[in-house]
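Look for chain A in each of the two complexes below; its partner is chain B in the first and chain C in the second.
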Partner chain A sequence: MKESKIMLIQYITGIFILVLGALHFLAISALAPTSDKVLYQYANNSTSTHTLTGGTLYYTTVTTIYHTLFWGSIFELLLTFLVFHIFNGFRIILSEQFPGDRSEKAITYIMLVAGLIIFIWGSKTVVTMLLGGGL
Partner chain B sequence: MELMLKGFGEVVKTVTLRVRRYDPEKKELPKYMEYKVPVQRGMTVLDGILYIKEHIDPSLAARYSCRMGICGSCAMIINNRERLACQTQILDLGKDLIKVDPMGNYDLVKDLVPDLTKLFRNHESIKPYIIRQEEKVTGEFLQLPEERELYSMFTECIMCGACLSACPTMATDELYLGPQALAQSFRYIADSRDIGFNERLNLLDSKHGVWRCHFAGACSDVCPKGIDPALAIQLLKGMLAKNVFVKYQQKPAKIGPDRKSILETAQS
Partner chain C sequence: MAIENKKGWIFWFNPLKYSSDKWLYALHRLTGIALGLYLMAHVFETSRILDGPITWNSTMVFLDWPFGVHFGPYILSGILLAATFHALNGLRLTITESGLLMPKPYRIEYPYKAKSLRGWNMVLKILLGIFMIIISIFGIVYIFTGVIL
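Let's look at the complex of A and B:
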């Protein structure tokens, strides 16, 4: 593939990582189903009528967000873009450090394999969560 | 002392030139040597170096030719920045100690003389001339002033090589084309008389072409001619990116009447 195509993908994935990364952050920090009354409860001690029913402070409630197909797809996309962006970045840095036909070919293949391993590993997590499992 | 420097005016002060010395044939590590140089108004670092050569140590090697910022031979690192020695006045530096190093990212011939093979090889590789299809050109290629304006700045390059010395990618990737060659490829591709985009494409779009510029901008910062190679590289990136979707078209400039026929018409 021509370097211009690869770099275009690199830039586009960079932008998507920003957007999807922000969504990811939002999901685990604000969007988890919650009726979080932590502060309220602390203020009122055990006399509070409000109970802690979950929210972003709790692992189990945060993971529920991973169980929906919508968020599962978002995370899988984020993972795909991240893997490409990171390993192509490594390829560029290493090719600059070790220029030459043979070394660059070796670097490209090593990055491809490493990227693939991380992608499969990450996807396994996303799929496991999607099927209702946990970590 | 005053007799030796006749023609320069009175000695204003004495500065120390701390020069990096290295002779690859001697198999010794590079070392700095200090020389006291009397300074007069208008005296350049190159004058200082020539003073050392003439009066203190003739073995000091430096490259120069025009002494007026045109030939690009005397680029070196003066007080940690790439400059033309013949265009840098000692008093303007405002220091009593002036550090002089050869340019970076090049092999060294000796002392302050870099081996510019890389610069010239890369320049040559991008075909720095107008590429046309015609076998025989009868008249001059017509170009509007505004068409020339598009690449005008880049015609000023004197091939001093300072931009390669300052470029951080050049420091790691020895196959990188470098800011000078890339700016010159933009200069020719943007020239309305040229149709060589596709001939240069493979090289520009290679693993060591335009995309290896990480936009540090050091090349533009140090260029003694005020050229902005970093801008040319970003414009090239834009062209290559667009070329992925729509093939870049170059319309060759029209050829005007040949001079002979103009002369004949004028005479008749």
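Let's look at the complex of A and C:
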């Protein structure tokens, strides 16, 4: 693929990430399915051991978000765009640091494999949770 | 053909030779690398939800109180600042580099002042600063207090 086309995709994915990333932030803050929007709620803050009892990052809150088709789709789309944007960004930076046709090819393949691993790993969480996963 | 950057990454930081654009570019790359590494950690961290409530909640507590120190909000604030800057500067780059604000072709007239993106670029940089401050205040207040302004 031409570099100009790849850069265009880089810009487009960046814009999508901006929108979906903002939604992701809202999912664990203003739109979280809790009355209190605080991130962490502890049983007793004065002790050295902290027991989480609520908050937007509490297990049941997060699973409720994950089990929704809307949020699951948002997270999966965000992951897809992020993986492309980040690993293409890494590829550009590394190719500049290690110039040459051979190294550029090697960097491209390494980034492709690394990106796929992260994509599969992240997708496994999103899809499993969407199908009712979590203990 | 592109000219090779023979000095490597250190060439991103040259205060003597370049303008604020170059500094924004260096910061864009640095925040990009940091956010990329964060994504990998975030994918690992969120996958812990599949191990059930005990593992998940203890992971969250560890992230809020790493090694017994309440450092989590500072890390989150750092991520928020990096993401906000990278997003806003990315928008500026998308607009300027794709020539969206370029003036229409014109007949050159006295005093032969070149029309370019210069003015618009400055406006975008000022907007970047303003939005950066607003989003940072809202975000950091929320992270530390849970209050949505």
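What we mean here is this: the second predicted complex is superposed on the first by the 112 of 135 C-alpha atoms of A that agree within 3 Å, B and C clash if a C-alpha of one lies under 4 Å from a C-alpha of the other, contacts with A are read in each partner's own complex, and residues count from 1 in each chain.
FYI, a contact is a pair of C-beta atoms (placed from the backbone, for glycine too) under 8 Å apart; a residue touches a chain by one contact, two chains touch by 3 or more.
Being a predicted model, the structure only gives us computed values, none of them experimental.
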Per-residue touch tally on chain A - higher for chain B or for chain C: C
Contacts of A:133 with chain B and chain C, given as first, second, both or neither: second
Contacts of A:16 with chain B and chain C, given as first, second, both or neither: neither
Which of chain B and chain C A:125 touches, first, second, both or neither: second
Touched partner set for A:99, first chain B, second chain C, both or neither: both
Partner chain(s) touched by A:62 [first = chain B, second = chain C, both, neither]: second
Which superposed partner A:5 touches (first chain B, second chain C, both, neither): first
Those residues of chain A which chain B touches in one complex and chain C touches in the other: 96-97, 99
Contact footprint of chain C on chain A as seen in their complex: 11, 14-15, 17-18, 21, 29-30, 36-40, 48, 50-52, 55, 57-60, 62-63, 66, 79, 82-83, 86-87, 89-90, 93, 96-97, 99, 118, 121-122, 124-125, 128-129, 133-135
Interface residues, chain A side, partner chain B - complex: 2-5, 7-8, 92, 95-97, 99-100, 104
Chain C residues within the chain A interface of the complex: 4-5, 8-9, 29, 32-33, 35-36, 39-40, 43-44, 46-47, 49-53, 56-57, 60-61, 64-65, 68, 72, 76, 83, 87, 90-91, 93-94, 97-98, 142-143, 145-146, 148
Of chain B, residues touching chain A in the complex: 169, 172-176, 205-209, 211-212, 237, 240-241, 243-244
